[in-house]
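There are two complexes below, and they share chain A, which is joined by chain B in the first and by chain C in the second.
Showing the complex of A and B:
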């Protein structure tokens, strides 16, 4: 904490903190206020009288209603949830096993294999989608959720593997050795001891993976074409911007509703999540 | 039963030869302590017995059966680790029951054994707690409990007391000894603390650089160290060493260096006949040095200047300058000594040790 006079606390702590918060939260505020503002106010020129972009006296649910009644937003939400959960599940299972193997089993080339996995994570999606598109077409997966469920792990698995590798390394080796002396096989020791101890790490990997796939844009844009198959980020931007007309109200309402699940996921697991990132195992 | 035999055990980590040709027979019900400085191979040896480390060459057998290829779970051993290795997500009860559950014991039997062990260790109240809610000493007890519920043939201890504070360590040391007397299970204990080794062990194995230096009962190591390393490692404060040259004068042997000139007692002189004119290392424990009085005339004496006086209450440690070197003496608390005093110091003649200057082996 800041020591000394009260003014020091204000100058070095409260004021910078408030500015920082304002900066971070303003986009959310903007989303909220735009999504409940009637169209009449939204498209009023900036130099008209009574122009007040930061507040409205006539909040309306019209945009949200439009979103659910006139667009396929509900199915986009469902698609996104399903795709994000499925790809997260696949990536977590693979990442946990791979991370365990790379950090605990001393097999030849474990180190270079780990680096190799990391390098695949560094290949930008903007390049990778080209060969992937070819594969999706060959396996006739285009325009189905599987196109995304099977391609998201290309960046999620390396990510989960690396996070879990670090976490497993922080779990004392003796725990597992003790379990093996106690009568557990290597498999049982992992199942009953190492994985339960690593739950905070698994949760943070899961939340991260879920968020990454929830927000993913490029693959979703390329691999899905029919409106009813789209995910929230792609659906909102492609269906609510028609030509050069921006449907700001529904657009912002869609963005807001789309970010709520992620926000809930974060705030719900935030304690575990922080514990996972700092890798603390309290004996 | 729990008879452990190590035959020609070697361990290589890549090119490092960590454990060199260890041969040892541990009797049933015996408490054997491996002691040595860090990196001496004692923990590696223990881990090989546990099956956590592969054996590069040699055989380990328990009760006559070679167990080299057995998985840790099939060796019927229990191990207590330095950091306790309690399962943090399980209660104390589950920690202790884990080994029995893995071995498919019936629930009533598990319950009986866990409560039995908890009673022995006085942790009956803690069974529902999680490890993080326990103090260091309590965690140590749980770790012990987890080992004893299994009724294994051999207990392995890897520096189990070194994470405890000094007072608790002494207390747990006594309890370990009691526990061993009560259970009578063969125990192999690794420590770097020579006091633990001396107090706990029926026999002590001193190791250095992967080589067993001496195996023996605690007093045997103290009284008849096999070499300079064992002599210096066992005992606190450590034994004083002085490099001296052996010469002959008037039919008796004289050991001398720049600050020391003593007539060697006959029993040692006999052993040193072959070393006349050569350098040897003279060793004497601080507790075998006394301020020379009239009764000490037949003991070898030398002059010293006191540099530091350390009052310990039960004894006084004197750091003395003898010629170029420093020697430590432990004297009666009633001795009247001050810094810079000149003293005549007597060595108890029967307690002198001599070591070869090259091989460092006892002569």
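Showing the complex of A and C:
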């Protein structure tokens, strides 16, 4: 802690911390207040008199109702959930297997394969979305959830593999050898001994992968076209803006409701999420 | 007990002996375990990458395969004023945001590295900008920057800092600044939490020993914390540089590249050309123009990781 006078504590700790929190959290407050504020209050110029932008005395559910009755928001939520869960599951299976092979088995080219997977981890989606869009159209996957379920693993698997390698390396070799001496095959030793020990890692990778696929935007924007197939980020972007008119109330309500599933997943597994985040960076 | 359960399952679903023998061989097992990953990454990263290169040397449009045109697309984009602006913007955007994200992230990490009440709670809340879908939170910013209803203008006006309205997203320079602010906002938590993880591996005894020897806080930071944190910092910065350089969402939502194409980045301009106007091959060329820089950063990162591992 900071030594010395109490004012030092305020100047060097409380004030900067409060400013950081204000900066980082204010947009969320603004999202919440906008989504319950009636239109009459929303569209008042910023310099009109007697106007308090930070509070409303007439909260309304109109925007949320609009979202569920006039738009396909419920379908978007369902699509996003389904796509995120499916691509997370695929990536976890691939990542756990690949992580196990790369960290615990001896085979030719193990090192270069590991490097190769690490490099794909650094490939941004924006580099490849144009040729991918062409491929998706040629395979007739366009405008189906499969376009995303098959492409999201490209940025999830490398990160899952990388994270799982770290966890598997920490499992002592003796544990596996004991099982092998007792007659388990390699496959069984992996499935029943090593993988269960690495469950915390799998959970971290899973939570992180789920939030990443929930947040993905450009592939969903390019590969999906009909309103009923869209994910939340794309649906909110394309269906709540008509020409130049922004439906700010429903937009903010949609942004808020679309964030809640990831926020819930996150709040239950904060520690795992942080482990996934820092593990994915440190490797 | 555990083993008898294992053998029970073996008896029930005994695989053919040949397959079992193959899986006992480390190399075969590794191969089997890696196949799904290699197939998926090969199909959706390696193959599209090659397709992208092939696409960029044709004059293909949506639905029309096109013919080979050599480097014509690259000539065309290098003589395109908007492309040049996007290149400039991308470098400014990446450079400025990275400096701020690192400085603010490090500061926040050091604040969080203290013991105070509600620490776990604060740390959880601070990550929100990073976990909430970027597009959705960027809309909140766009609404805050709205020319007519801006809450920021309201605040500045009531603090007496401005007299008229500021048209945040209507002026090219202000629009760029707005985008940079949103990117910093989104990136600071990632830097802070990753650097905090790095800080927590530094033994507090080092700092205490230096303090007893009379080192000032600034000296302790510069000679102890910073050098020990450098490996984590490097990885976080390089990782963030790649993501920022190839960023799309924030600009797409905030300005769509406007006003008058003044705030495009590589990715948003590639999107506009390829998807907006259907010039697939030219768009692929713009996206591929990012590659040399990304490649360089990846190489630096690989070399750096190797060096750290060797030590």
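Before moving on, here are some points about what is shown:
Here is the rule we use: the second predicted complex is superposed on the first by the 251 of 283 C-alpha atoms of A that agree within 3 Å, B and C clash if a C-alpha of one lies under 4 Å from a C-alpha of the other, contacts with A are read in each partner's own complex, and residues count from 1 in each chain.
By definition in this document, contacts are C-beta pairs under 8 Å (C-beta built on N, C-alpha and C of every residue); 3 or more make two chains touch, one makes a residue touch a chain.
Since we're looking at a predicted model, the values are computed, not measured.
In the superposition on chain A, contact of A:197 is made with chain B only, not with chain C. After overlaying the two complexes on the shared chain, residue contacts for A:111 are found with neither chain B nor chain C. In the overlay built on the shared chain, the residue A:214 is in contact with chain C alone; chain B does not reach it. In the superposition on chain A, contact of A:43 is made with chain C only, not with chain B. By the touch criterion defined above, A:172 reaches chain B but does not reach chain C. By the document's definition of touching, of the two partners only chain C reaches A:24; chain B does not.
By the touch criterion stated above, A:266 is placed in contact with chain C alone, chain B being left untouched. Considering which of chain B and chain C touches more of chain A, the answer is C.
With both structures placed on the common chain, the touch criterion links A:119 to chain C but leaves chain B unconnected. Of the two partner chains, neither chain B nor chain C is touched by A:243. Counting contacts as defined above, chain A residues 179, 182-185, 188, 192, 281-283 meet chain B in one complex and chain C in the other. Those residues of chain A whose C-beta lies close enough to touch chain B in the complex are 172, 174-175, 177-185, 188, 192-193, 196-197, 199, 281-283.
Touching chain A in their complex are the following residues of chain C: 2-3, 6-7, 10, 20, 23-24, 26-27, 29-31, 33-34, 36-38, 40-41, 44-45, 47-49, 51-52, 55, 104, 107-108, 111, 114-116, 120, 122-137, 139-141, 143-144, 146, 148-151, 153-154, 157, 165, 185, 188-190, 193-194, 197, 232, 235-236, 239, 242-243, 245-249, 252-253, 266-267, 270-271, 274-275, 280, 283-284, 287-288, 290-291, 294, 297-298, 301-302, 305. Listed in rising order, the residues of chain B touching chain A in the complex are 50-52, 71-73, 75, 77-79, 81-89, 98-99, 102-103, 131-132, 139, 146, 150. Chain contact summary for the complex, chain A toward chain C: residues 1-2, 13, 16-17, 20-21, 23-25, 27-28, 30-31, 34, 42-47, 51, 53, 90, 93-95, 97-98, 100-102, 105-108, 110, 113, 115, 117-120, 122-135, 150-151, 153-154, 157-158, 161, 179, 182-188, 192, 211, 214-215, 217-218, 222, 232-234, 236-237, 246, 248, 251-252, 254-256, 258-259, 262-263, 266-267, 270, 273-274, 277-278, 281-283.
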